[in-house]
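Each of the two complexes below includes chain A, the first together with chain B, the second together with chain C.
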Partner chain A sequence: MLKKERITRHVCPRNCYDTCAILAQVRNGRIVNITGDPAHGYTRGKLCAKGYSYLRRVYSPDRIKQPLRQCGRGSGHWVPVSWDYALEMICQKILDLKHRYGSTLPVCLNKYSGNFGLLNNAIEGLFNQLGPTTQVLGSPCWSAGLDAQTFDFGNNYNSNPENLRKAGLILLWGVNPVWTAVHSLPYIYEAQKEGAKVITIDPIFSETAKKSDLYFQVRPGQDGYLALALAKIIVEAEKEDKQFLQNYSLGWDEFREYLKSLNLNKLSRECGLNQQAIKFLAGLLINHSPVFIWVGFGMQRYANGGQNVRAIDALGALTGNLGKAGGGVHYANLRIWNMFKFNFHKTGYKNRYLNINRFAEELNQLQEPPVKMLWIANRNLFLQDANLRLLYQAIKEIELIITIEEFMTESTKYSDLVLPTTTFFEETDVVPGYWHHWLALNEQAVPPLHEARSDLDIALMVSCKMNSLEQGSCTFPQSGDASSFLDREFDDQAYSLLGIRHWSDLKDSPAKVNIPDVCWEDRIFETPSGKFEFYSQRAEQAGHPLMPALKEQRKPAAGKYDLRLLSPHSQHSINSQFQNLDWIKAIKPEPAVLIHPDTALLKSIVSGSMVRILNDYGEIVLKAAVSGAVPRDVLVCYQGIGDLNINRLLSGENTDMGSIVTGNHGLAILDTFVDIENQTD
Partner chain B sequence: MKQNQRYNPAEFQRKFFVYRLLQDYYSGCLWQKKDNWNEILLTLAETRYQEEIIFFDLGMRLIQKLTQEAVYDFNRLFVGPEKLLAPPYESAYRNAEGLLMQKETTDVRKFYSIVGLSVVGQNREPDDFIGLELEFLCFLLYQAVSCFQRGEERADFYLNVYFEFLNMHLGNWVSDHCEDVLRHSTSYFCKGMAMLTKGFIEREKSLLMHKEEIL
Partner chain C sequence: MGFLVDAERCIGCHACEMACKNEYQSEPNVRWRKVYPINETEYSLPERNHLSLACNHCEKPECLRVCPVRAYTKREDGIVIHDQGRCIGCKMCAMACPYEVPQYNVRLKKMEKCNLCDGRLDQGLKTACEAACPVEALSVIDFNGFTKYGFVIALPGFPDPSITKPTTRFIKPRIGAQVRRDQ
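Here is the complex of A and B:
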């Protein structure tokens, strides 16, 4: 047999800072190896452990290989069905509901961020062409921070993070890149080598904290207090950047007065750091320049999360770090996504949108018409949603639940029909990221395995079937392929930003997007005033204080559930993804809840004790690990702990902000209060 | 005990029948023959081996009833969507990585190509799916017999490939696979089919020593 070998380019489509470029070595139609793509200027030829495990995913014997129908939801009695049967089942149900209720509103889509490929959004496009449907709107992840930066800067841009290397001081504020954004580390280390100080601020003494020059343990969700305390000290020392404030900010006088009115004792108490420590940190901020502040997602997953981010933005502004190479306050970048128009998404129908973070509640309350068919795409809804008890209740009335998946998950368990989908090695797409400034192509390396179909193909097939059953019932295209859809998504503007003539040029190399290397360098902000806004009318119009405020944090009910449960991202999974792979299982530590030694003593818990964590929403039982890395009144349970579903404990409370950018407030995941009991008692 | 294995048309008919039965089973088509199941059992009983093959005979006793539970059990073992309890692929057993589409798969592909065969949907469906390996063996045996009947020398060639494939591939992993089924199956039917498969393939493998005398 003649050996035919080629190299194909790919991008990791996970909801991850790094959006790595990958090379696959394809021999006679099989992928035999994968590596990082050295042509990608940011990820530079390396992957994380999750990325290196991808072949385990493509060729796993456990992939879902054909459409499967469950005879009795939750029964585990599955039978394979043909695609035609599955499509018929779906489309007949849609038409039946449409005729019964006189509308397609009983048809509901719950989709989120499992795959960030552009064309992974095809199912949403399909739903938008069926008639008015019910869909979810918003994001559990990052909404509050996006709004906060929108109020302050006018948009969500970051500098090319390669600028980290030019920083004089790096504040890793609530972010754990050693685990969750490894490709930024070389830039951080480079700066460190050149003399920059690297400081981590986090409630948890994380792996990143361990590698930093200094670590400050802030009380969970009280980051805003620390930012304001620092601001107050710097302004009292008259070390603010007067020139910037005078020319490029709005509401400085008011903000300065506000800072004056704040009591340092209170700020210090609330943020959990003594004044000496805060003053020391303020001194570093004054004496080092530029200061690169990386704002993580964790601190905004609280009822006061948006305010935390606004306070840090203000700190970055008054120290004169905005618009400087190697400086600034960086949260996320929407510029790459904004290159695309999502043409296949457009709808002429008035959809009914449910808050993604109150899905179960709203689903339960919906009448006229109720939801009768639920389609889950790019999401493990039954593991990652909040208020799961209510969700189980709500689905009882639903006649058909469909999930598109690669593997069995908690959500497929509750589905009536499971549709097998391709991995990104079996489809063509581009994956816009939200951190670095590169765009890479995902080439199709191998044909779809088994009977798997891409999201786009599924959408096309459903449209065909709908129209064969009832002409005109779906206006989503019935033919075409990834190439024709990408042709429509890339316009001249995108090509000029990418410096290429056609998207297929990305087969030769990922492209650096020609957007400002340093955000806000011209100090022209996209706020209504064109300035950095300490004082934001837009915020007020949206029902928030004008200036970053000290919003009372959510507190546990007196005497009950007085421990806060933090569930940050783990090193070896992204939400619930990757956990099923044997390689990841082999390196992943056993699920455990971290508990402070003093709290452990009080509760007679030792490392290895089986403990029950509980509140009014649910409970989970797992091992305890006593650790000085966590505060006394906090338990830490990293995400992705297998079948143990931490989200069972979530109340579904929302964050303060989020509706401007994502349509709804975010999920205050970290405002979760619990008790812990030694299970062996 | 050395038996006379010389060409015996009834013996070959039996083998074809069993091969087809196993192929139908693994490709999930058997359920469609539910109404004819008793007939199939009768034919199977008629084709009993003269000597006792414990696994085969026991298996036959267990597969008397084709129930819906067996269908669910089958899907749980071999189809999904949950983690497969007994993946019906050679590479899942023999490859150190336990993945599909590995070297074992392409080795099997090479065998197919020796006689000019290839799998429809290559690189989509693993060539070493048990149903395909069974089909291939049945094909080789059929070709051997046909050539033999026509007095063609090529009969030996097919028979050689038959034993070589049995020895290098299916015969090498099917026992492990069947043991997985016996360990995890919750239905008499699937347990029975596993015994039948194991008994049958092991017997075929044992004939290797008498290869020269078979036709």
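Here is the complex of A and C:
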């Protein structure tokens, strides 16, 4: 008999630049192989190492197979329960709290970016239909840069990144695509083949720096000073784009005067590069065109984060690179997400929003009413949040903690109830990305494994249960499926942008979204003035300087914690994800902190020494790896070192910007200061 | 036939290695292809280079010479094939191979290694690793037909090629310039 075999289309929903399209080969109800989808014009049939490990995730024996109740939080004593029991427990608690406090505000949701599938927002939709609830607002990640570009350009758009191939000079500024966006490399290589120079600017000699023609080591968090120094040199040489500045910018005269007032010696000292090096780089910017500046999510995770990005935007503008194919300053693209109205998300209630980056602090301070039930979705809160000590405190008063997960994690340890959820191969959805200009569909390749349910199904089931216990207590739909929800999300405008008649047409191929290939090509910006704003009233209204001006950088206390700890994204995980898979474990290097040879000598540390990294917030113990790739005053410990939990060391300081676009300021993760001690002493 | 590893293009992303595992759904600790980080001290600057290596399909395969049960054969096109059906898991090949290529499968109690995707090649497909490489740094070359120059037979970190004459060839990485911080 012939084996039943079919190919299904998928798209990776992780918080990643590339949002790759995937094909799954399904034989007799089991996925036997996956490959990249060649019909996707940007990812072109290739996946990253994490992507190829997906079947280990789907068919992992460690998947959570049924709802689990922990008898005694932290006890590890898990008892399998039925879905009905779990739903009853959740809904009774919600109703009980509602009656005790006269409001649903004690019910709190903490959700972030674990799964960017459109319908994975269903839990938020559910919360929005329960009554006024407490929810977190903001992003620990990209907030500061989003606001900066909103002040300068008026919105967050990028050019189709395939335009990299048309660049004459590529500045990879605080971004490590060799690790975090491998699909961009072919376009960068194409540009190089045509004669483009590729330059990496980073405090760390990253893998991307290695593949570049030139590497500039900037002092951490001081990127803005380098941008201002470059701008000053270019303007002094009268090489700015006068035509652009005259017609399409606001506040150029003021900005020019501001540049004049800056002292090059000071700028050079602040950014850590000597004037000769900066002048050389300025020369490259003058003599190459177009210049494609890719602003990574690195330099904006500091107290000066937003200002750093504004300074780089200004550099891109005055060199006349905005709106050019192969040029521009690119950070993120919200156009694909903005195609959707998130109809199932809307609320008529007045929710109480907590700052996602001060969650523990705000939770502790809440009264009238306090939070008594916490639901964690799409997030490994206890590994990825800051100020964890305070968080452990804050949850003591919470009566029920629920986590939706595929695997047992650090966060399930602190949960009372864990609900098993599906991988994206077991559900139907679309995934809007934030970098390339494509949209792809997830078909359901196999039915949900074990007793796993999609986020949408969980929301539907909770709504049913709520209504069966108390009619009208939840207005989220009680029936429907992914298809009916997607039907409501796609409107004529979306279809016309996608050039398809129905979302199910994406089963034939991912679709290129018909948005401008080159952003700001008409030089009409979405700022109040319609121009590029060197000088932004909106920034001032939000409490920032009118023009990009950097504050004194956060410094360690004298003689204590004088090393800066950088914790960028690792090669083989997305935040906390993927680390538990056996294939990934086999290739992932042992957790280690990178330390400069001179610093290591000073501290009597050699490669392989067990070291303790500590500050007032916590400590972690791991191996040291001596490396010339890092500067002397910096330790580097990549994210994804599992249970060692580097976030124990984070203070929870916020970035300067972020509240305009994401609702709250971002997390200044890289303003973390520590000491290092040899543990074997 | 042999692999050509373009170390200038390679970004050490491990996609080749994982695509190989995905293709054959191999055991977690069995690595037919491995991406090795090259020690920083191998280059004058703190480079972080990588070598992506699988079986080198040697001209003089030691595995084939030492195997007591003739589990190894060398095809006319040069591919060294390991036949798991004949293998008794004695690990002689693993000891003889200078490149630590043959891997022991604990579950099957047998050896296994890269057969250069012989099945795929015979169907006219690319090897799984070559097809997966996002930067086209890996390819399979036919030594009878190749006309390109600029290949080398070893890079720092690769054992002495004189013992078994591997067919793997490399393109050297360029080293970019670096401007380090003054303070």
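Please note the rule applied: the second predicted complex is superposed on the first by the 679 of 681 C-alpha atoms of A that agree within 3 Å, B and C clash if a C-alpha of one lies under 4 Å from a C-alpha of the other, contacts with A are read in each partner's own complex, and residues count from 1 in each chain.
Keep in mind that, in the parts below, a contact is a pair of C-beta atoms (placed from the backbone, for glycine too) under 8 Å apart; a residue touches a chain by one contact, two chains touch by 3 or more.
This one's a predicted model, so the numbers in the text were calculated from it and none came from an experiment.
Once the two complexes are laid over each other on the shared chain, residue contacts for A:G74 go to neither chain B nor chain C.
Using the contact criterion defined above for the overlaid structures, shared-chain residue A:G499 touches neither chain B nor chain C, since it reaches no partner.
Using the contact criterion defined above for the overlaid structures, shared-chain residue A:S60 touches chain B, although it does not reach chain C.
Of the two partner chains, chain B and chain C are each touched by A:D582.
Look at A:G530: by the touch rule set out above, it reaches neither chain B nor chain C. With both structures placed on the common chain, the touch criterion links A:G608 to neither chain B nor chain C. When the two complexes are superposed, the chain touching more residues of chain A, out of chain B and chain C, is C. In the overlay built on the shared chain, the residue A:G29 is in contact with chain B alone; chain C does not reach it.
Within chain A, the residues touched by chain B in the first complex and by chain C in the second are 55-56, 582. The part of chain A that touches chain C in the complex is made up of residues 32-36, 45-53, 55-56, 178-179, 182-183, 185-186, 189, 205, 207, 209-219, 268-269, 272-274, 277, 280, 571-572, 582-583, 585-587, 589, 627-629, 631.
Chain A meets chain B in the complex at residues 1, 28-30, 55-56, 59-66, 68, 71, 76-80, 405, 407-408, 412, 418, 446-450, 580, 582. Against chain A, in their complex, chain B makes its touches with residues 28, 71-72, 75-76, 79-84, 87, 89, 92, 97-102, 105-106, 109-110, 113, 121-125. Contact residues of chain C toward chain A in the complex are 9, 11-15, 17-19, 21-23, 25, 28-29, 31, 35, 37, 40, 45-49, 131-136, 176-183.
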